[in-house]
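Dropping the structures in below, format is structure tokens.
Two complexes follow with chain A in common, the first pairing it with chain B and the second with chain C.
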Partner chain A sequence: MFEKLIFYVIILQQISPNTILEQIRKNTSYRTSKFYAELEIKKGKRNLIKLFKGFSKVNEFYIEFVNPEDKGIKYLKIKENLYLYLPEIDDIVRFSGDMLKQSFMGSDLSYEDIMQEDPLKFYKPLKIIDTLINTKKLYSLEIIDTTGKAPYYCIKLLVDKENYIWIKEELFTKTGRKIKEVEAIEFKKINDRYFPISIIMRDLRIKDSYTKFTLLEIELDVPVPDYIFRLDYLKK
Partner chain B sequence: MFKMDMIKLVIKNILRNKKRSFLTSSSLLVAGFVIVALHGYINGVFESSRNMIIRLDTGHVLICKNEYFERRSFIPVEEYIENLEEIEKMLTNSKYVDFYIFRIKLKAFLFTKNEKSKYGIVIGFDPIREKRAFNIESKIIDGKYDLEKGAIVGKDLAKVLKLSIYDSLTIITKSSVGGISAIKVPVVGIVSTGFSNYDRNLVILSLENARKLLKIKNGVHEVIVFLKKESFIPKFLKSIRLPKEISAKSYLSLLGIWAFYYKFGIIFYSFIYILITLLAAFSIINTMMVAVFERMQEIGTLKAIGMNDKEIFNIFAMEGTLLGSFGGLLGSLIGFIFNTILKIKGINFEEVVKGIEFPYPYIVRPTTSLWIVLFSFFLVTLISFITSILPALKAKNLTPQDALKHV
Partner chain C sequence: MKIFFLLLFANFKISFDTFLFYEFKNLNYWILFSPNLVSSYSFKCFRIYFNGGYYFIKIKDASITDFKIYQGYIKFQNKGIELKIGKMVFIPGFVGILNPFYKQPILENISSYLDGEKGVLLGFINKSFSSTIFYVYKNSLKEYEIRSQFFIEKEKFRTGIFSVIERKPSIGLYGAYFGKIILKVQGFHQDSNIKFCFNLENQIKNMFISFWGYFCKYEEFFSVIAFPLFTKKILALEIKFPKKIFEIPYILIFYDVDNKIPFLIFDFKYMINNNVFFETGFITNKENKNFNFSIYGGAKFLFGL
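For the complex of A and B:
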């Protein structure tokens, strides 16, 4: 009788998968941001470093590359549209449709990947398992896209039980093929949340390749001027 | 019985029932025609595709960096051959080489002023050298072959992007240093290569513009070599010395899935030819069996007057074989003439093959060869003989008494 009571108490205390997902989303969501970042792209023997600065708010962002090879290249996302400004031709082009599946600046990230302001919003949890890796207590959470709008059909997440931060993601197609892996390697506490500031993404379809994205400087929920998110600002 | 007498008897028997003989023969005529016509068509498709691949893609031999070969289908822009002097010297001095050309290849985003966009393949080449390989100039359907002034675009690509001559085209690609690079050029020409997968995706630039896009001073991705004869490929490959990071490959080793289709096609269509002929030849079994039953009394009489079993067998076997081979020969010759006419006119498949990625030509010109006529004739004759065996055996095994009972 007593053991049964303990068992039911334990069951009642189990956190639901939906709650875990919500906590992860809460940790990585923000209203605005100002950042300076580095993109390290390794493809075979080649290693490229790109630096860019930018701003974001809700579902818009502005990025400007500052490394010598890409200096002056700018991206602007306004709602679902992505615009690219190229200083060489002093012109703006709009990316759409299948082009968004292409690689972002030659990295393992696609344009679709960078367009997602809240990548987990399309997903519903399928199953959750308690797991232990290197003495760390984690949730293994499997989520699937129920809307048909997400770039990846299924994601398997390893989530830190204490802080609800995702440590690792595995991204799958509808056929069950794993195509990308993302690992969060560094976190920073910003405004009472743990924010991933360095991640490594590997596109498993490409041999010997990875992309490391690092936020060298980041400020969340700070004032950001509205004029930056206008097309005419791209040419300035 | 003398052979000539036997042949005369066989012909007489065939002509006894002209209608039936004609009908039987005509089914083998159709078989012979189909074999020759189908072979000519299939061969025409493969030859056109092969020719296109050699002229527009690989040459007889392709020289690239090893890493480029490894990832060729991804068009790795950073794997270009920088120093061409040594390679040029070697090719110029080679007794096997007819000529060679240079190409730069890129995958690029294409944008137009009216906000149309598409992913395409950009090829940069030397317009003068290129004329010997694939005479793009003769395939221009609008505008001019003036790569110094702008880009030439495949006709289906121009249609999708709603491009006309002098419209501006923005080409954005990954540069050799890993960033993004772009140029804006006017469209100076629209080309119809005759192959849908090129017409749908192709943009042609001068080597200079392509190098500008790639952000390189010199260098190319591909050195495409055309030999004096295709049979020189193994000798040429043995004779050349290249830096260790560069290699040369015969176009045959680069065909990939096309080579599989070609080999599979040969085997598959060989079975089809045999099957068609077998089906047609069943009419011979039918006709000859009826002939045996109708002529039982005659068989009995022939045996009674001294004709042996072997001669009876030969008569019926020869009748069936002659019926079939006559029809087969006529059909094969008609097929040859048919292919010759279509070779001149061409068959237009443009509407059908538009969406296909395989290098399938718009205009198919069947090949003609006496070899296939002979092969078809031989196949039809052989199968006609085989199908004649059963009725011939039936006739042979009749005793004079059994045969004469049938009045």
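For the complex of A and C:
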């Protein structure tokens, strides 16, 4: 009887992969955001630093570059369309949805990577393994896209058991090829959850390069006015 | 104090551009050196924009030094309405190398700037339509041009109309489909000349490929850095590599159908950091079974405040 009880307690303590994924999503999803960020693009000995500020709301975002060399360049995403404001012609150039798969200002990140309001919503867990790295207890969680809408087919996540935050992601194509690696190096507690504010992404197809994306300031689920996501605001 | 306040909201980009072009066939060359300033200042609904500088050009037997303002205007914008006064760029239709109103060299380089026209522009934009009217001031009040444009946008489609009133009115139509493949077409009728341009854009792996076609009834002037080109028909293939940021290749193959001359341009930009860029490339064409070959190179030193 006692042994049976212990067995049931163990079963109850085993958290399901779905619950872990839900917890991670809860930590990383947001409806609106307001941010000021730095992008460091490194290739060999050369690096570029770009600064930008912006807002996002569900599937819309607005980005404005503020470093002197790129100042005035602005991006606006409305639904599946991307609009680019070029200060030298004081006009807007429109791109279609496929351009969102392109790299963001030449970095290892795509527009989709930085502006998904809930990046893991298309995925279902496939398998989970308990693992231990440097005395840290982690889950190794493998998730796959079941909708065909996600930018990557499969993701292998290393998840902190304590706070349910992902500390490393490996991104795979449908053919099983690992194309990107993302490492979260800094977290911030925002509204009772841990949010990654500094990540390093490596596009494994490009040698000796990485992109460090740091949110210098971030506010989540704050009121963001609708007029920001209008074309006339882009021209202002 | 006022100057400090102005500087606080202003943005300055100072660049020093150098460029060398050499044509092997005629042993022609030109060298350009140009310090340039781009500045913008925004406050509430107003923006002041300036782009200009000195340029020094040395050609084989001559040299030119001058000061030029490429653009300089004051803009007022309230919600979707904008009013601009000064020298500015306005390109009706779609921006691109073969746009009938995009009077720039086919190959832009690190030392080329868009040259505007003096006038007054009144525009309106919202999510589904945009209208613009541009009064272009020429040499005197008697010489002017009025350009207007109106387009509507719905989901993946955009369609528009534009007109130019100079001596008599001329009219143009354009439309685009923004799907996985982007298709843009525009046609313009002016003084019994008909101009038609189409552009098909697609992203294939890491390349952004544009296929262009340009047709007109009478010969038009085009410039490919130093080559003047008079033709009625051009087909072009433009290949960009948007994922590249430090080493940026660019390929343009075009065919002057009228004169049966194929051109190949290979351009390569090399970025050291935010402040230093280099550019090099070559242009080759085949004319009367002979190959012509030109090379060019330059550097830009950019400092932003």
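In this section, the second predicted complex is superposed on the first by the 227 of 236 C-alpha atoms of A that agree within 3 Å, B and C clash if a C-alpha of one lies under 4 Å from a C-alpha of the other, contacts with A are read in each partner's own complex, and residues count from 1 in each chain.
The rule is short, and it goes like this: contacts are C-beta pairs under 8 Å (C-beta built on N, C-alpha and C of every residue); 3 or more make two chains touch, one makes a residue touch a chain.
In this text the structure is predicted, and so the values were computed from the model without any measurement.
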{"item": "Clash or fit (per the criteria above) of chain B with chain C on chain A", "value": "clash"}
{"item": "First, second, both or neither for A:72, with chain B first and chain C second", "value": "second"}
{"item": "Partner chain(s) touched by A:81 [first = chain B, second = chain C, both, neither]", "value": "second"}
{"item": "Chain B versus chain C as contact partner of A:105, first or second or both or neither", "value": "both"}
{"item": "Partner chain(s) touched by A:33 [first = chain B, second = chain C, both, neither]", "value": "neither"}
{"item": "Contacts of A:230 with chain B and chain C, given as first, second, both or neither", "value": "second"}
{"item": "Partner, of chain C and chain B, that touches more residues belonging to chain A", "value": "C"}
{"item": "Which of chain B and chain C A:56 touches, first, second, both or neither", "value": "neither"}
{"item": "Touched partner set for A:91, first chain B, second chain C, both or neither", "value": "both"}
{"item": "Clash-bearing segment of chain B relative to chain C, given 3-11, 21-29, 165-173 or 345-353", "value": "165-173"}
{"item": "Chain C-contacting residues of chain A that also contact chain B", "value": "41, 46, 48, 69, 88-89, 91, 93-99, 102-103, 105-106"}
{"item": "Complex contacts: residues of chain A adjacent to chain B", "value": "41, 44, 46, 48, 50, 65, 69-70, 73, 84, 86, 88-89, 91, 93-99, 102-103, 105-106"}
{"item": "Residue ranges of chain A touching chain C (in the complex, touch as defined)", "value": "41, 43, 46-49, 67-69, 71-72, 78, 81, 87-99, 101-103, 105-107, 230-232, 235-236"}
{"item": "Residues of chain C that touch chain A when the two form their complex", "value": "11-13, 38, 40, 42, 47, 49, 51, 71, 75, 77, 79-80, 82, 84, 88-89, 91, 95, 113-114, 125-127, 130, 156, 158, 178-180, 182, 203, 208, 242-246, 271-275, 302-305"}
{"item": "Complex contact set, residues of chain B against chain A", "value": "67, 78, 109, 111, 115, 117, 119, 170, 172, 174-175, 177-184"}
